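In the part that follows, the structures are each spelled out as structure tokens.
Below are two complexes that have chain A in common, paired first with chain B and then with chain C.
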Partner chain A sequence: MRLGRYELTLEPRPARPAIFTALTAVVAILLALALSSFLFLSSDAPLIDAYRAMFSYAFFNPHGVLATVHRSIYLLFCTYAFLVPLRAGLWNIGLPGQVYAGGLAAFAVPFVLRTHNPQTLALPPGLLIVLMIAAAAAAGAATGGFAGLLRAKLQVNEILVTMMLNSILFWLVAYMIKEGGPFMSATGEGESFGLPSSLHAPLLLGVPVTAVLALCVAVLLDLLFAKTALGYRIRAFGENPAAARYGGIIPVALSLLVFLLGGAFAALAGYHYFAAVPGVYKIPGNYGYYGDLGFYGIIAALIARGSSLGAVPIVVLFAGLSVGARFAQGELRLPFGVDYALLGLLMMTFVASHVLYHFRFGWRRIPSEALQPVPTELPRG
Partner chain B sequence: MSPPDLAPTEPILAARGITKRFPGVLALDHVDLEIQAGEIHAVLGQNGAGKTTLMNILFGLLQPDEGALYLREQRIRFRSPHDALARGIGMVHQTRRLVSAHTVLENIALGHPRTRGFLNLRSTRLEVEALGNRYGFTVPLGARVWQLSEGERQWVEILKALYRGAEILILDEPTAALTPPEVKTLLAGLQTLVRDHGVTVLLVTHKLPIVMAVSHRVTVLRSGRVVARLRTADAAEESLVQHMIGRDIAFRTMNRSAEMGRPLLQVEQLSAFNDKGLLALRGVSFSLREGEVLGVAGVTGNGQEELAQVLAGLRPAASGRVRLDGRDVTRLSPLQRWRMGVGYIPAERIEVASIATFSLVENTALNYHFDPAFIRRGLLDNAGLEQLTQRIVTTYNVKAPSQYARAQHLSGGNLQKLILGRVLSRNPRLLIAHLPTQGLDVEAAAFVRATLVEATAEGAAVLLISEDLDEILSLSDWVAPIYEGRFGAIIPRAEAGAETVGAMMAGVGMKEAGVR
Partner chain C sequence: MWELVARSLEASTIFLFAALGELIDQRSGVLNVGLEGLMLFGGTAAFITAQTTGSHALGFLAGLTLGGLLGLGHGFFSITLRGDQVVSGMGLWILSFGLTTYLGSPYTGPLGLGRIPSLWGLSPFFPLGVALVAITWLLLFRTGLGLAIRSAGENPAAAEASGIPVTSIRFLCVALGGMLAGLSGATYTLSYNPVWNYNFLMGWGFVSLALVFFSMWNPWILLAGASLFGIMWQLSLSPELILPGVLSRYVWRTVPFAITIPILCIISTPWFRTRWGLAKPEALGRPYAKG
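And then the complex of A and B:
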């Protein structure tokens, strides 16, 4: 861009010290919080109280912390679901659909085995829980794999397919749990039957086992990409598909594989929210809210630059702020939707900080000889 | 057709003493070019002769380091293509530069000085239609560009240039992507433009039959110098070939033991489509023994890439058969072929043979990530890969800041040495080397050639695909000139003369539909 005698350009940054990475993240968070002040202006409460209410609930209040943890686990699985295909250069926008598929499959296990009635448990509950998790993962993998297969075999855009699957599965859930649906609760309130208490996921220190699973996957995924042959192939395919093909990688198999994995992870998120969070243990009528929340996994994976461990603090922040903002909204009569607005702002500042992370503004004077006026008259020939 | 009066008149466009240097390369060396009004002037030369650089200077895309351009004997300076367009010079590039989702009319209007701000497509349509009527050709103005054939797209570009007031048309390799009937239509159309409408055409090509068919005069470039300036009617094909490839070819035959091993590769009537769906490789047959080098000589775009890719398993064969060790491998995957000992060095070392953002070690792994010797329980053996990379760096003299530097920071020559070392460290039995020395400096090129010879001494069969006739003649046991997807012949090296092979590379003595 040219401004008078000066030129403003975006230039790639040569070296990026590690501290700089952390610093840009912190600045992005602070900026988002500062911008969100505008949202709180309509409230009578002083600004500082709004922030205090938000943070103290999300990270210090016992109820709030649990809510933050549950939401973090959910978002982490969603993050992995996007992250694995992303490393192969593919975009899995089908998180909500895969979440629903996981939820439905998990509930299908007790339904099919006629054990959703506590008196008729045919199998040991431990085995049933493992079956539910496996069924959820398999259903999510199938949903994701469908998009992966279409992409690999027929070059159908994976973004479109996964988006459409979201819609299909949203309505499939509605059919299953709303009036007359097979999974409808006895009370007919537009939600699924509740799981018998023997099928609730076991708790460790008050937190469902899915937390352990989520953290293990965070470590394993980073190891997968750093150390294994498979991770190498996924990265190679993501960086340069032509070179990967030259190196013997089969694009069809690889696209399918990453979508199978991604779908399975999203389905575990579905299992976690509908079958493992204390106080829920059913597919609620507002399941669509959780589906939409899954999209924050995309943002977390992008901000973490494809690192599963790097995504953990980002996810916790997202979860905490959305939980805390929702609480503060009720407490201080803040406008409806501040939680989503805050997440949106955070997303924008993170994305903006990415540009500043990779580039810097160059500001230099244009040498005077380069400013010669361009002749407009043509010589007569 | 009769050529216009070619008595020396004032040239409409002239380049005098043009010199252009790129880092390490003298692309143009005091080139003079004079174009008379109303002629088709061909600029003939092999790839790398400097044709495209010269045209880019004439069109204002590049500035000459020395020399000047003259339009109607008036000295001119083009700062950008805008200046060239403003003075009636239009260029149709080798690759199409159209917006494929837009209509023909929108493409023609795009970038026209008058369409800045508001677009008046109705008046543009009337003007373009009038123009088409005047020049006597029709292009469906409402059609979207993606619906058109490659030949029609070319006409859109020509029409676009004419609409912008071009009186001199520069066409860079206009027939490269066309089918023979389209070539015929194009050439006839150009002749009409020149004969009936006084347009001047500057035709850049390496295809001799096209030069002979339509041009009035021809300027031959070789290695950045003008080596001949002739009236086409006075020129013999053979002499043009000699000018184009040069008579001063120094035979630096590599000393190799000529003991031939067992038969390794049999290729029968192999055909393949290119990415555009045209049959680019048309029934090629040959066989190769261990320790033998077959040099496929041709100008890029004559089916070499497809041949290399089909043999490596990266492109399906449309018909024909490939046998390795007597086993039919036509349908095997690239990985299965790597395992059978097929090594491939693609021409696109940045786009295909390496990953720019990966380190040297990771790039080495590209040919080893499936090798059991480098995998322990699913984990890549990083220490082993590091050792291997170190060995390649030392043996092949790769200059890199460290093993963990990204491939994008290597020079072309060092990257090529890394790729070569990586592939040869697998001890391939068949090595497909496509343009292995393209763009390398003399020293790196010599190293690569010597390494190929070494590989044959160890029993590898080499398929060398190159544009450099010198390289082919000095390394090969057999020479196969390729033109439009066919081998002209397979000639033993002792009998392969530069003139014969060069003529076949340019399509002389080979059947070509559409032109003759």
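And then the complex of A and C:
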């Protein structure tokens, strides 16, 4: 584009240092927060009070902090579930479906072993909890792996398949917990039976053990991508599939592997939410809300640019924001869905920052000889 | 029985409008995976406008306008900035999902206007849909503009060399595609099911996107596919009409989605790709840099 004597162009950035990556992430998040002020316009309260209500509840109120921690664990697993396939250039938007698959499989263990009735508890509870986690991970891996296999074998678009699986599993959960479904609670209120207290995930300092797992995975995933041959293959395949194939990397196995891993992580999020958060310990009737909340994992992984450790602070912030936004919504009588609106705004600023991450504006003066009209007269002499 | 058929055909117009818009997009080489987002936004804008002004026509106008604007937004990112079209499309979808949930929630509930008059029980949108299919087919395969659109999607460099303004053609197509997606959302919220609800589409947009791949980028096959899915959708809502008492109604709701997956697999097999899949626009999803 030409502006007077200057030319404005969009050029690919040759190098992107880590500090620049972090800076784009921070700017995208701050911009979304600034834009979110228009959400509070319909409230009578001054703007600053709205932000204060949001942040002080999420990060300083004892109830709020605990809610933020639980949600962070949930969103961290969702983030990994999206992040691992993304490193291979694939989009796993099947987070809600894999979350539901994990929840259903975890509850199937006590259901099949008839242990939801405390009198017939047969196996030691510790073993049962491990079984529940394993069942959840396996179910999620199967759900994700199905999409990965189709992608690997037939090049079926993974976005469509995972989205279809979301809808299928959403209705399957409804079937299982509502209108006389197998998992329906004895009171018949459209939610699943509650887990007996012996099967609640153990707490460490009031925080479920899944927190430890979530943080370990953050370290392991970054190590996987930075230091191992497998991680290198996944990254190479994600950057340029054709070149990777030329270099001897087998795409079929990789596509399947990343989706198996991704699905298992999302299922652990489901396990965490339905079987490890104090006060829940059941599949509630509004499970769809938590499934959709998993989409925060997409934006967290995108803003963190595929770094699992880098995603941790982002996820904690998002968890706090979504918890605080819900609180502020009640406090300031805002319409429902402030947390979802924030999700949308974050996505918008991410897409904008994505352009600036890959391109820079070239701003150069057009050399004056290029602008000068060609002389029409011959010089004298 | 006629009532069920009429209702199914109305459901199929929603798939049809959105998919037809996406087909035009894709024929020009632009992939928009955020179709559902455009429909959500169009539908919500139409609902809010119609409810506040009391006019269906203004509602449709709002849906069309917003859909077109969002389509242009996707175009700006994917054509002008040459960004990743999947990133932009997914961004549009999540943006719409988040914002419409917030903006629409004060309007949750029925529309509260009279039903749009029907012709012998059939929604007027179905004949409109058939007409649009015919127009799109004529436009794409019988006019110079259609040839320009298709060549922009097949080989933009060659098209540019032969004097076709690829960028303008693609912008025209994303605007048209966005308007059709907005129309589809508006048809849902103003006519098919005039009740606003959080995330009311629940996958209609993604099914429409899949329909475009099934259609082999041909509007007539798209019409057949959309009608089939409309019937399937309606039957999944009221399975008792065919198999009363078999399986829970929730299990039936999974059927349209479950059928989509094997169809996607069949059209992805090498056999199908080599025999029938040649209609896929060659430059689909690839940004074009003027050389």
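Definition applied: the second predicted complex is superposed on the first by the 332 of 381 C-alpha atoms of A that agree within 3 Å, B and C clash if a C-alpha of one lies under 4 Å from a C-alpha of the other, contacts with A are read in each partner's own complex, and residues count from 1 in each chain.
We adopt the following convention: a residue touches a chain if its C-beta (ideal position, glycine included) is under 8 Å from a C-beta of that chain, and two chains touch if they have at least 3 such contacts.
From a predicted model like this one, the values you see are computed outputs, not experimental measurements.
Bringing the complexes onto one copy of chain A puts chain B in a clash with chain C. In the superposed model, A:236 lies in contact with chain B only, and not with chain C. Of the two partner chains placed around the shared chain by superposition, chain B is the only one that A:228 touches, whereas chain C remains out of contact. Which of chain B and chain C touches more residues of chain A: that partner is C.
In the superposition on chain A, A:355 contacts chain C only, with no contact to chain B. Legend: residue contacts after superposition of the two complexes on their common chain; A:174 is shown touching chain C, with no touch to chain B. After overlaying the two complexes on the shared chain, residue contacts for A:104 are found with neither chain B nor chain C. Comparing 7-15, 25-33, 97-105 or 331-339 from chain B against chain C in the aligned model shows that the clashing stretch is 97-105. Residues of chain A that lie in the contact sets of both chain B and chain C are absent, per the superposition on chain A. Note for the complex: chain A touches chain B at residues 227-230, 232-233, 235-236, 239-240, 242-243, 245-250, 374, 378-379, 381. Across the interface of their complex, chain A is touched by residues 33, 77, 81-84, 86-88, 90-91, 94-99, 101-103, 105-106, 108, 198-199, 202-203, 206-207, 209-210, 213, 248-251, 253-254, 257-258, 260-261, 264-265, 268-269 of chain C. Residue ranges of chain B in contact with chain A, taken from their complex: 71-72, 74, 76, 79, 86-87, 312, 314, 333-335, 338, 344, 346, 348, 351-358, 362, 365-367, 369-370, 375, 378-380, 382. The touching residues of chain A, counted against chain C in their complex, run 10, 39, 91, 93, 150, 154-157, 159-161, 163-168, 170-172, 174-175, 178-181, 292, 295, 298-299, 302, 335-338, 340-345, 347-348, 350-351, 354-355, 358-359.
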